[in-house]
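Please find the structures below.
Two complexes are shown next, each including subunit A; its partner changes from subunit B in the first to subunit C in the second.
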Partner chain A sequence: MSAVFRRSPIIFDRKAVEKKGSLGWEVVLEFEGEGGGPWLVDLSHLQRWDYQHMELDSTAPFGLSVPAEPGQVFIQNDKCIARMNRTQAMITCLRTGDSIETRRAVEFTDMTDAYCMLAVVGPETPCVMEHVSNLDLFKPGRKMPFLTQGPIMHIPAQVVTLDAGCVLMSFSRGYGQSFADAILHAASGCGLRPGGKSVFNKRFFQKHE
Partner chain B sequence: MRARLPEFPTQHIDRGQEISFSYLGKRMSGLGGDSVAVAMYDNGVRIFSRSLKYHRPRGLYSLDGESANTLMNIDGIPNENAEKRRLRDGMEVSAQNVRGRPDTDFYSFINWFDRFMPAGFYYRMFHRPYKLWPFFLNRIRKMAGVGTLDIHREFDDSRRFEIFLNADVAVIGGGTAGMNAALAAAGQGLRVCLFEHRAWLGGHMDWRVVEFEDEPLFERARGLAKQVEANTQIRLFTQAPVTGIWGNKLITAYQTGKDGEYFDERYIECRAKSVVVASGCIERPLVCNNNERPGVMQVNTAWRLARTYAITPGKRIVFSIGDDLGLEAALDLAELGLKVLAVADARSDKQNADLLTRLQSAGIEYLPGWAASNVKGGKHVRGVELSELNGSQTCSFKCDLLVASAGQQAVIGPLSTAGAKFRYCTETGLFQPTEMPPKMFSAGRMTGLTHPGSIDTSGTIAGLEAAAACDRDVSTNLDAARRAAAKLPGETKGCDLVYGPGIGAGRKAFICFDGDGTFKNAVQSASQGFDAPELAKRFGGFGLGPGQYQVPGQNLAMAMSNINGTPIENSQFTTVRPPLVPLTLATCVGPRHNIYKQTPLHRDQKARGGIFRNAGVWRRARYFSPDLDCRPEIRNVRENVGLLDGSSLGNFRIYGPDALRALQRVYVSNMEKSREGRCKYSAMCNETGNIVDDGVVTKVADDNYYFTTTSNRAGITIEWFRYHTRFDDWDFKLVNLTDSMGSINVAGPNARNLLQKVTKEDLSNEAFPYMAYKELIVGDGVSARCLRLGFVGELSFELHVAASHSQYVWDLLWEAGQEFKVHPFGMEAQNCLRAEKGHVIVGTESEQRVTLLDIGLGFLWDSNDTSSNKVGAPALRACENQQGRMKLVGFRVSESGVTPLDGDIVVDGNDIVGYVCTTRISESLDCSYGMALVKDGYATRGEKIRMCQALGKRHDEYTATVVPPQFYDPDGQRLRT
Partner chain C sequence: MSFTITCPICGERDVYEFHFGGRDRGPPPSHDNLTIEEYLRYAQFRTTRTEAQLEWWFHSNGCGSWFTTWRNPANNREEKPQEMSNDQQ
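After this line comes the complex of A and B, so read on.
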């Protein structure tokens, strides 16, 4: 019997230079020939939780403050909490290997496997995103990070704009591979190519630590 | 390539880059920056195509694709506009709509038969006797039209992209008005997108050398262009014609890639908060006899050939013009050393005095109140007759080029598609907007301004107004700009010439070049009652070609007013529709990305030989062998054990204090009977009692349920619950787990033995009976939800595991199943197996005419429950005892050698009384069987029904016997074992 493994919905057609095992996932930290960006990073292994509560404002899931308005996003303790609507929030652990025990809490549903999560990282992120979506993801004056719910390449998605150089896209897991192939082609003119998790770590954690 | 004029800063060519191309097999060359048409003209080509109807020779008339004159086949793609297509090395160009070569077109004789093709001839001629019409129709269709698409040729569309922009202010037009508008809006910190159809900014100032404020206009425009390019708030799109403005300020355009760019063409959508249209003016063609003969061209065409491309447009040039720009052009060409013989000016007054003085100094004959009346020659211009407008005097000039225009007309296309209303202005001679859509502003020449300072200031004002529409406080700047504008010259008197003198019947005086629409055709249209421009447009074929309104637009309106004797200011411009400029369908479509859902086991299934088919949003393995009857797969499940990837199945979690009430509402069964550890099969109906979904529900804990849906319904299940509980203030939460779970169905007599090898749980029939639910640990600690179901009619265990664990679990089962010779089976095998068992698929054995009761699932409905307000219950109650409803029946085909098909119809004489939902040939039953929906009277067990199959010309009938739909193991012993 082989050891338990978990598999991402996406395989990039690139050779991995550095990998790391975590909770059964094999996470690629760096791909060969990553170049100078922008990068498409597979973050499907990061743990995600759906949290629903009738009195959402008065709760603090995992000790996290819940944003007051739908569309607002807070980053706290390497976790991203995005308010979806009046009663629902999505919580994502942004650090590989981070996990939260919630068996006893009925309000939580583990959604790690429900979504494929991709990050677009690099200064050309706006260029990439305008090739794949008509959503206004970099609206001046809107406080980042923020959540937008709408289509990316005609697929319903939750998009968190972390900053002008980093966007997180979550959408139904089944679309993962064909979506990734499509976005790599659609944004090839911006130089988009696969990147390892380190690319995201460098961008995100250095900025938020 | 011929010797070009000396270098001058207005030029946009790269003399160091010689580009080779071929035209009709002859090698030619041009320079970097040339368009295909310009390079062809430089190589001596004068006849580019033949006209649509009369096959008259057509030459270079404009440079921005205003007519179909220069539609060519370029690199195998027809209808490419050579005026807009940049020259590239190795291009192969050929003419279209010609038989032979353009200069010796076989069909040119048709020109003499125009009497037989009056306006509306297509609707009136060749129809008597009517049986002759198809013959002529066929001939006309073969002869008419332009390019021919080679449908067998593969075109590379991998370099076509799309881009979506969000802007505060969008500016259409990169002339100085547009640039000033963009800079003014950007100065307020707004995001600005600027679209210009040419490859460079500057508009009509780009080639003008006259000075304004001690600076040549072209230098002034280029200085402004540098400011625009350097402004980080402005995104500039050149070679990007706008194709329309739609609701909510959505602007569509497309952009042609320059050398070295990653795309050939890309489709653009820009959503803006406010829009400035500064699309400028184009020339209004002079309507006179033979006004489209090769060698007649617009003022801007001749001017730009010389100033932008350094090409001599003609050796002996005559001008017939209607505004000061014409005078300026004539002077400029003369100053470049070209032979300008005379200038006829349709105006009698309001000319720029300075220009007239300079014209006189240059020795150019000037004829005010005159215009060209007839263009002489055959395939080329050989001379021109100029006449006084009242026809009292005429003189002739031998020339090879007539530069002709009747003044300007506003480019109203973008505003028109946005819904603006227009009215002819007798002062400016332009159709100008009288009613603008909200948050849209116009600027520049299209407003009737001609003074450079006025044009610039109008752009600034429009840019600031657009900024104000984005909630910027610009009142101070706006007041200052308006004060500045008040000190500058206002609108200029335009030319109101409708047609040239001595036009006569106007048999060869063309209003529309694309459709060969003449002045005579306009008169004919009016005489037939089609006297409004919109009617004449359709009856006479004006402006229906690829140039749309650009050549005929204003002239048609003016001509119809003139013919009808009505004031032009009451005339309406014909409706302009998107796309404003032709673009390829491939560009509209953009990159054809095929995005679909894959199950977590997709790659594995593919590696095992799975043949995939689309199933809703999913792509699933339908077969696992070239035998599309799937007999080995079916046999393996019936006799041994098979594995099915069923991951597209909908999975949901519902929880909260009112979860049960919500379940009671949407499911037809009594969901209070859902128990922990048990699966409850039920269905959902719509308001009319039609079954819309089925699945199983299991209680996980108090107020916490897990349920499945069909694959197709998964996407709308949450909305379905929310909609049907919208008036109840219930507290329940739903989570869609469909993509979260992989589903593996282990089915067959050996299913238990196989599964037992990967889990320590007791799977015996006593511990885990039919319709039970367990949470198992499989392999090395992977959690799985296990549902003991029997959709395929055999002992089955449905494992739901986390999607990311699915491959691990499949591998475990595969390894453990080797001793049982386990084999995967696909959707087709599953379909055959469940049909043998008589299990229905919603949407296959059900439709909108049948209810839950009609397809034999009435046992699911808790008809005693009236308190839950179950969706569909009133309808079910109403039709519970209704006679004459369609019924689902099973059938066996009585005749051998017949292969029935899904969709075959059930007939009684000439009446259709039903149809086959699913039918297959069963190995285990040794016959063809199936399920059909039939009218009530044909549903009796033992009834012989006739079925009919129509396959092309074949028409087969066969007989079947009505039987219960449970063909296989009707008592359910096998799945309960």
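After this line comes the complex of A and C, so read on.
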């Protein structure tokens, strides 16, 4: 039986120092010359679902509590659940390699292969995002993490602000390579460069464990 | 030209994130004894107004929701008609 081979929509023009296979994806953990950040990290391999239910508040997909208000985000068991509107939530498994079987219930739609996910990591993240969007992604007084739905470089995207130094952006897969090239060019003044998954792990899991 | 529209889910955003869905004209007329002229008047005729009107908007570049909001086309501000504002006071 042949193994499943899955490919990210994004290829960075950098040499990978360390790679890891995960569920058919080839995940780069570290690139050559990553430097001190900020970094653009390709997280397209992370499993992601859209969850839809008429009575969203009374459900617990994967055992997760659903946020009460649209825009709210909960981080539980290495999964990020973000409420999009009255009936829909977005669930992302942030840990590489955890194979979670997609539930056969009609409420779940596996979006992993339909979406591209990128993270901007590093203390200069606000500087990077200011170059590509006029959305208020770091609104003072708003409790982080939170979800913003709006355009990044005119592309409809779902943006989760995890903290002041880490932002997750997901959008349709077809935009992936152009989006990555454009943001690297636009934020080159801030020092943005490709980073491996380890950069995200160091930032995220140290903070949330 | 630019102004803002307030989405009930995402809050106040640039109008370029939205698609205009037209003035809210209420439910379609009853089909009982409906003449072609009456139906065409409902379906085709539009009135240009210079006062606040209830409008449909679609947040196409955001959350993807349809909603109604009051807007005055004369100044592009989100405001209710004078009589409704007075009623609320």
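Definition applied: the second predicted complex is superposed on the first by the 205 of 209 C-alpha atoms of A that agree within 3 Å, B and C clash if a C-alpha of one lies under 4 Å from a C-alpha of the other, contacts with A are read in each partner's own complex, and residues count from 1 in each chain.
In the analysis below, contacts are C-beta pairs under 8 Å (C-beta built on N, C-alpha and C of every residue); 3 or more make two chains touch, one makes a residue touch a chain.
Computed from a predicted model, the values in this text were never measured in an experiment.
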Touching partner for A:Gly150 - first (subunit B), second (subunit C), both, neither: second
Which of subunit B and subunit C A:Thr112 touches, first, second, both or neither: first
Contacts of A:Gly71 with subunit B and subunit C, given as first, second, both or neither: second
Touched partner set for A:Met84, first subunit B, second subunit C, both or neither: second
Which superposed partner A:Asn134 touches (first subunit B, second subunit C, both, neither): both
Superposed model, subunit A: greater residue contact from subunit B or subunit C: B
Subunit C-contacting residues of subunit A that also contact subunit B: 134, 154
Contacting residues of subunit A [partner subunit B, same complex]: 1-9, 11, 24-25, 44-45, 50, 52, 54, 87-88, 106-107, 109-115, 130-136, 138-140, 153-155, 172-179, 181-182, 185-186, 188-189
Complex interface listing, subunit B residues touching subunit A: 158, 161-166, 189, 191, 261-263, 269, 271, 591, 593-600, 602-603, 617-618, 647-648, 653, 655, 701, 703-704, 731, 733, 735-741, 779-782, 802-808, 811-812, 815
Residues of subunit A that touch subunit C when the two form their complex: 70-71, 84-85, 134, 148-151, 154, 156
Residues of subunit C that touch subunit A when the two form their complex: 9-10, 13-14, 17, 59-65
